[in-house]
Every structure is written in structure tokens, then in C-alpha cells.
Amino acid sequence: MTQVKAWAGYLLPKLGQFLFVVVATYTLVFVLVHFLPGDPLIAALAAKGGASTVIDPAELDALRVQYGLDGTLWQQYFGHLIAAAQGDLGVSISTGVPVTEMIARAFPFSVQIASLALLFGVTSAVLITYLAYAAPWPWLRQLLLQIPPFGIAVPAFLSGLLLISVFAFTLGWLPSAGARSFDAAILPAITLALPVGALFFQVFSSAVLEAQNSPYVFTAVAKGVPPRRIFTKHLLRNAMLPSITILGLLIGYLAGGTAVVETVFSRDGIGRMTVNAVLARDINVIQGVVLVVGAIYALVNLLVDVAYGFIDPRARIGGGLPSRARLGAKK
Amino acid sequence: MTNLRKPGFVLGLIIIALAILASFAPSVLATHDPFESVATDRLLPPSAQYLFGTDNLGRDLYSRVVYGAALSLLSASLAVVVGVVVGAAVGLISGFVGGRTDFIIMRFVDVLIAVPGVLLALIVVASLGFGPVSLAIGVGLGAAGSFARVMRSQVLRIRSEEYVEAARTLGVRSPAILVQHVLPNAARPVIAMAALEMGTAILSVSVLTFLGFGAPPPAPEWGALVSAGRDYVATNPGLSIIPGAVILVVVLAVNRVARAIGGDE
Amino acid sequence: MNSPKNRVLRWGIAPIGALAALGLLASCAAGPAASPKTDITMAVTGDPVCLDPQQVTLTTALNIGRQVVDSLIDQDAETGELVPWLAESWETNDDLTEFTFVLRDDVTFSDETALTADTVVKNLDALFEMGSTASLASQYLAGYEGSTAVDEQTVTVNFESSNAQFLQGASTITLGLVSDATTELSAEDRCQTVVGTGPFTIDSYVANDSVVIAKRVGYHWASELRGHSGEALVDTVTFPITPEAGVRTGGLQTGEFDIIQDLPAVDETRFDTADYNIYARGNPGMPTSLVPNTTRPVVSDEIVRKAMLLATDRAEITALTGSSQSQPASSALSSATPGYSSQEDAMAYDLDAATALLDDNGWVVGSDGIREKDGQRLTMSVTAFYGQDVLEATQIQLAKAGIDLQLNIVTAGDFFGAIATGDYDFLSASLTRTDPDVLRVTFSKDAVSKWAIIDDAELESLLTEQARTADTTERTALIADIQEMIIDRAYLIPLLEVAQVHASTANVSGLTFDSSSRLIMYDVSVSE
């Protein structure tokens, strides 16, 4: 019984936090978005009607109802929120397509490059950490340790354009744009993997460093266990745990990174969709995307918290993860 | 000052100095008028006359990069200031007041961090009108959350220090305690973080101008230069890659110096 | 054996090897096809937004729309001659108020319904009902009174006053015919998909991603101008939406795209080889120009506009931004338009004359190089949604005369929204039409979709008169007068004549332009 109570005591506040983050995100964006200048409906009408769009007030009002933009701000706020809770994110003003449908279509493309980027980034980070750890020469270690700061500093549009220039135009190995074939995801994923891998490296390598100083590693080294075994058996596992706490952060980074990468590589995805939506002041799409991304971020954090609660019983009692407050400082 | 012996640090300082010079006195470094177009000199590769080559309208890319420094760097600096001021203020108040208010404020800070910085900045810039100041506010707000968290944890740490307890017992009033004791001691980690944040801010500003949310043409903001060069990647990749590399070099320099400053103390 | 060095090397080589393997795999996947292609791709520059050919004005949408609808008449792109298409024959009365068409009796829509005279009536009625939503169509149908189906294959169209451009309009994509069922849908629903008689049908449309059209089985009513009769020569055409020019040209090089829309001028020499075909044609209509709103301060001053006209070096703009096929603008109409008359002398580049004009009228050069008069700075803005390089070049030139032109590059929606609300100093765009009536569309106060906001009774009467003049010689004279007046009073600052320049791999053959410089893909085939 106490087990259940302990779990409930740990989980319920987390759930509450999750809900709060989602609603608060929605509120923040709602406020911001209603400061956008101009009337998006006129622009939307005009885009279809071309040069001779005539603004008919009755028509505009009807459109307002259709897009959920009628009523007072409070009515719109709660109306959209309640609808969103039921899975209805409204209709896009610029394309006329339901927002959920637009997001559902664009999402897989973003997930494709984001998950590939996560894979590339994490594997390279682990690899570089291992190589730095096992490097027999100090200069090699120094060189390897320079790579991650580089990865964070390089702007995604630069790395993307360089990759296109070399691998697509000069060598012709991979497509330069689009989402029509699987190999079109490779260059964008590499571009995204650079900052993500660098971020992960920071956390992972410092965790490895910390674990390195533990007594059982000391013993293992004294016993003559080869570095590779020490790394895979002890360091890797122990360093992974604190590293997954920044998963939410990485997802936030990936979500933002897709905006640039999808633009550079002309891919459809939520990043580019959001940029276009902001340019067109398509309120419903902006709110929908931010809500979805915010919810995913909060969900990932929630799941990580739960997982950590399973793995490390101390966290359950302490009510949180020790390292996240420190890690949350870097974004 | 062992840092001065490290070549990386010195190089970083030199680059930053050049960047500052370009921002405040571009005519010193530039070789041509960045807005003058020479029809016969379109799309030339780098040469002695045109250090970075020319763009599609025959304008000298090097001079445009130099004149663009002010736009990009000053926006980024302002963004960091906005982030620090807003974030630190929020963190200070939240940490000091504590209790329910603290809890609620920090949940909103969580949200600020939850929304990806780029998306948040996009919306802010679109609302306020494209331009360097809106960029600064948009990027700054995105960074404010992290500053708030750091400031707050510092405040919590210092609050329990003995000298603060002592001041309280002596009857010193809260605002005075805040200013005289908490602020100076909490400032240092925040400033170290601000220095680190500068590199990120330069990147964020260039990303936004790349996406078209900066000042209208012909403003030579660095991100806008990269974007304009995209149509020519197949024939003149330098038009995009050189401004991009400039951004990279400046960010690396800023990060290197910031790390040294932060780590040193 | 197991030294650190060896281990590092082994660990290092493995990932590099993996990457190399990936690269090889990818290059295999992108290898050349061995057999003639039945599914081809054409990269287009933007999202068509709406697929109803009768409503759209965007070039991409029109290029796609041409493949799925046919028109009553076809027009020879070289000679301008009108030939039968869905209508076997036609006749008009003397004052161009009554047009009678006799239709073919073997035409069906892709939903298997037949094309009858009634269909034409429904099309025109529905189109007229749409009013301003179908902006181009409403111009062709100015003065539409109604149409009647005389019998199954004969239809008469009536106008309340002479309509000189209707016949040519009947050959355009805009008056391409859609099925009865389509005419009953709302304008919004029609944007999602239409049913036509064309050699292709719309297979799918994913916003911001691509449009796919598929061959119409059983098609056999192509006009005599086409290279063959019968079905189209390819099974499907995919139009990936690729706004970035670099991506399109790159895709053409790697073979990802068979055809690309809008080959940038700077890439022309690169693709002018035996491995590629370049397709170029000047657009008839109004060239890319600055179109004024004379109710705005500064813009209202005719002296300022005339100075702008003289200060723009059109030859330089063309050299900087135009393709090899582009020509400097020399009138309010482009040289490919019937009725064009050169105003070269009146608009020749003369910076000295421009500065003298401004100096003599009280515009004094300020400290920042921009002129001022009575506290008003000589600054204006231009709103556009494409052609940034043309405008930047113009901006630089005008600055030499002390004129400050601010660029306001917006989305297409905001551009047309600005037109709807009248919120602009200048617009910049071109308008492609094969008939000089484009001037009335742009300048007339009564035109629903006018771009220039001016108040000139003399010009207005000329514009309305030419639209009603049946006699071609008379009409041409009127059009010449209109062009002269527009340039003389600087109601337009023409910059650059637009040319469509597309490119394809050398394997592609049969791609042709129609009389409005839109693409016809009916004869396209791709050999191996």
C-alpha cells in the first residue's frame, strides 16, 4: 500500500505539471498570436482570389465563424482549448485544411529526420566520448574534444548548404531536397545531428567523467580490465541514465531546428509549416503546432521522470532529478 | 591571466575585436560601398579587388559582411541584455518571495523553456514587425527562461547564507537585502552564463534573418546574406558559405572567450 | 595486438566504413533508369493554392490547369491564329455582342459525362456568378448577358456591349471547360479538384508538397496545333513544389527532375549544352513594372514619377537580373503583345534629366542623399511578392537620383490583400495576357481588379472604348494612344519584360508553349 502511495505522491504532481505546461503554453501563444498585425483572413481570401479580391464584410464574418475567430477573446481562448482537448485544432486559414490533418501529414517527415538526427547524434557523441576516453595520445583527445563545441557553434543553414554543395551537387550521392525518397532524409538528419550530438555529448561526457572517478572503476582499472570493457560495462550504462534526462531538451531543440533544416532542404514538415504559418499569420496553425510540440516536450519529460522513478528509487522520495535543474540551464 | 598564453583564447579575442570594429566603424574595414552595384562585376569569385567575391547584383560581398556585423551583433547583444534583465528580474523575485508565487512563476518559466526558442522568436518578430529590435526581443525572451532559473537557484542558495540571516535580524528591509547582498553574489554566475549565451544569440539572430524575419533588403544582415546566396549554391557556393563561415567563426570566438571568462573565476 | 592504437583505428574505421557503404547504396538508388519513362517529374516554383483553372492567376496553377481542361478554341502561339478545339466552328455578329459555337459531339469529361451546349452555358453562368473570385474570367466576360443552348451542340453567348477580347479569351486556360458537376460546387470546393476534358486528370494534391496528374484514357480531341492526337504520351506527371531555384537546378543535374520551371538567368550558360533543353518565350501582357497608387503622398506628384521613369536604367536591370531572353521594357505593354507600340524615346534612361527635373521642382538633396521638399522626404515603398533582385537593382539606381525606394516583400496573400485594401504606394508585378485589354484591367477605375489607382477621365474613356471597338485597325490605334498617355503621364514605371525560361534534360521532347506562354505537356515524351 505504501508503494502505491509513494508512487502516487511522485506521479500526481508530475501529471499536474504536465497539464499545466500544456495549458500555459497554449495561453502564452494565444496571447502572442493575437498581437500579430493585419487580418489573416483578408490575406487568405486574397491569396485565393488574386488581384480582384473584394472584401465583403458578410463573407468575412462567415469565414470568422468557420475558423473559430469570432466572439470575444475569452470565448476564443476557451473555445479553442476545449476543442483542442477533444482533438479539434480548427481549420487552417491559408489552406482551408483542418489543422490536425496538416500536422498529421507534415509530422512524419519531421519525425523522420528528427529521429535519424537523434540516432546519429547520440551514437557519434558516445563514439567520440569513447575515443577521447581511450585515446592513447593526448593531442587526439584534445582534438576530439574540440568537435562538440564546434557542433554547437555551426549554424544549421551553413552545415546544410555545405552538405548539399558537396554531397548533392558535386558528388551527386544524395538528393538535395524533398522528402520523396528515404535517402533524402540523410543530409537533413546529419545537419540536425550536429547540435543535438554536441548537446548530448556535453551531458554524456561529464557523466562519464563523474562515473570514471567512482571506486569500482578504480578497482577495475587496477585489476587491468581493458578500457573498452570498462567503458561498455560500467561507464556507458551509468552515464546513460543522467543523459536521458535531457531528452526533453533535445526534442525541443530538434523541433526548433526543423524550421531551418526543412527550409534549406525544401522538405515538408512542421518546422517549415510553422514558418509559413507565421508569415501568413495563420493563427490556428501556429497555435496547433506549438500546442502539439509543447505537449510532446512535456510528455517526454513526464515519461523520463517516470522512467527515472523506476530506475532510481531515491528520486521518488526526493521528488525530482538532481541534475536536471543544472542541465536545464543550457538551451 | 594564463589565458593570454593560450592561442585559442588570443585568437578569439582578436576576432571579437575585429567584429566590434566592424560593428562600430565599418568604413575602416570595408573596401567598397556595400550598396553599390557594378553591373559588369556580377558573381565574381574572391580576388584581390573583391575579397569575398561579388553577389548577383555586382556588390562586394566582403563589404556587405562588414556592414552586416552591426546589424547581426548588436541585435544579438541586445537580445542577451533583454534575456538577462527579464530573466534575472523574474528569477530574483521568484526566488526571494518563495512559496506559492515562486511555484507559479517557475511553472511559467518552464513553459517559456518548453516552447522552442526559434518558434517563439518567430511569433514575437512577426507580431512586432520585422527588424533588429524585434529580433532582439524575440530571441531575448526565448533565453530569459534559463536566466530566470539560474538566478533563482542562486538566490535560494544565498538566502540561506549567514550574512543574509544576520542582515535580517538587524532589521534591514528586504529590498535592501536584495540589492546589497543577493544581487552582487548572484550576479557572477548569471554573467558567466550571459557570456555563453551571446554565441547562441548570434546564431539565433542569424537563423531568424535567414528565414526572412529581419530588416528588409538591402540590409546585409548575415543570415539574410546566406539566404540570398542560396539560389547560387550550384555555381557560386561562396555567396552563402562565406557569410555562414563568418557567423561560425565569430560564434566560436565568442564561445571560446566566454568559456575562459566563466571557467576562470 | 590489442594495443590502444589498434583499437582506436578499428573503432574509427568501422563508422567511416559504414558511411561509405551508405553512400554507395545511395548512389546505386539514384542510378539512371534503363527504360523510357512513363512517369515524369516537373519541379514547380510554388504551391498552386487552388487547382481550379477558371479561378487562378498564379503561373504554377495555370501551368497545371492547362493539362486538365480544354478550351473552346485554340490559339497558335506563333501567329495568333484561332483554330477549332472543343468547338468545331464559330461565328460572331458584326459588333461582337453575340458569339455562336458549334461543339464536337464526341467529347467527354473524366467523369464520363458528355460535353454539351448546356455544359458551356453552365460554365459561363457559374463563372460570371463567381464575380471577382474569378478575376481573370470576369475580365473576359465583361458585359456578359447570358448564354443559350440552341441545340445539343450549339451554344450562343451574348454580351450587352461589344466584347473585343472574348474570342481570344475562349482559347485561354481561364475559360477552359469543367464538368457540369464541377460548376455546381462552391468556389472553395472547386479549388481542391476539378473535372475537365483535358489529356490529364488530377490524381492528388498535397499542399506544399506536390501535385500529381495522370493520363486521361480515351482522350482524342486535341486541336490541330498539337503534335499528335490520342492519349498523352506519359502516364503521370508529378509536380514537386520546390521554391528554391538552387534545389530545382540541382535536381535537374542529378536527374531527380526531368523538367524544371523557371531556370534562373545565372544558370542559363550552365545548362546551354547538349545534355539539356531550354525553353524560352517572352510573356505577352504588361511587363514587370512599378504600378502607382496616386492617392498616396509623393506618388501623387507626376514630376516624381517622371523622374523615376527617367532614372531607371532598364538595360542595366535586364543585364543584372534578366535571362538571355529578357528584354528591357519599352512601353506599358511587352513587345510580344499584339498592339505593342514602343515608347522608347519617351522613357530612355537619362539620369541627368531626372535630377534636373527634381532640382527644378524644389526637391533638394538632403544630408543622407535622399531629396526633400517642404519637409517631405522623397521616400516611397513598393509591395511585391517576387522579383526581389529586380527591385533591389531599381532601388540602387533610384538612390543615385536621390529617390528612396523601400522594399516590402510579402507573401502572395498579403500582396493581393494589399490590392484589396488599397494599402500600397507602388506595386511591382507583371500581368500576362495575350490581349492588350490587359491595360484596361490594370488601369481602369471600373476594373474590379485594377492595380493602378489613378483618376484620369481621358485615359478612362480610351480604355473603355478600346474594349468595345470591333474594328482591329481602330482598336490598335486606340491602344497606341493609351500606351503613349500612360508613359507620358508616368502612370507606370516599366522595368523588365518577363520571359518564361524552363529547362529539361535532353531526353525530354514535345514541351511547348501556348499563346500566353503557359506550358502544354500533351506532346511530352521522355526517351531513354
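Points worth noting:
First chain written, first letter: the chains are A, B and C, and each begins at residue 1.
Assume a residue touches a chain if its C-beta (ideal position, glycine included) is under 8 Å from a C-beta of that chain, and two chains touch if they have at least 3 such contacts.
This is a predicted model, so every value here is computed, not measured.
Counting hops only between chains that touch, subunit A reaches subunit B in a minimum of 1. The greatest centre-to-centre gap from subunit B, using C-alpha centroids, is found for C. Our note on geometry: subunit A versus subunit B, Cα centroid distance of 21 Å, whole angstroms.
Centres computed as Cα averages put subunit B at a distance of 43 Å from subunit C.
Once the centre of each chain is set as its mean CA position, subunit A and subunit C turn out to be 40 Å apart. Across the assembly, subunit B contributes 230, 233-234 as residues in contact with two or more other chains.
Among the residues of subunit C, those touching two or more other chains are numbered 244, 246, 250, 253. Annotation for subunit A: residues 164, 169, 279 touch two or more other chains.
Chain contact summary for the complex, subunit A toward subunit B: residues 17, 20-21, 24-25, 28-29, 32-33, 35-37, 149-150, 152-158, 161-162, 164-165, 169, 252-253, 255-257, 259-260, 263-264, 274-275, 278-279, 281, 286, 289-290, 293-294, 297-298, 325, 328-331.
In the complex of the two chains, the subunit B residues touching subunit A come out as 107-108, 110-120, 122-124, 126-129, 143, 145-146, 149-150, 153, 193, 196, 199-200, 203, 206-207, 210-212, 223, 226-227, 230, 233-234, 237, 240-241, 244-245, 247-248, 251-252, 255-256.
Residues of subunit C touching subunit B in their complex: 244-246, 249-250, 253, 264, 266-267, 270, 316, 319-321, 388-389, 391-393, 395-396, 399, 406-409.
Against subunit C, the residues of subunit B that register as touching in their complex are 35-37, 39, 42-43, 56-58, 216-218, 230-235.
Contacts from subunit A toward subunit C in the complex involve residues 38-39, 42-55, 94-97, 102, 105, 124, 127, 130-131, 134-136, 140, 164, 168-169, 172-181, 183, 186, 226-228, 265-266, 268, 272-273, 276, 279-280.
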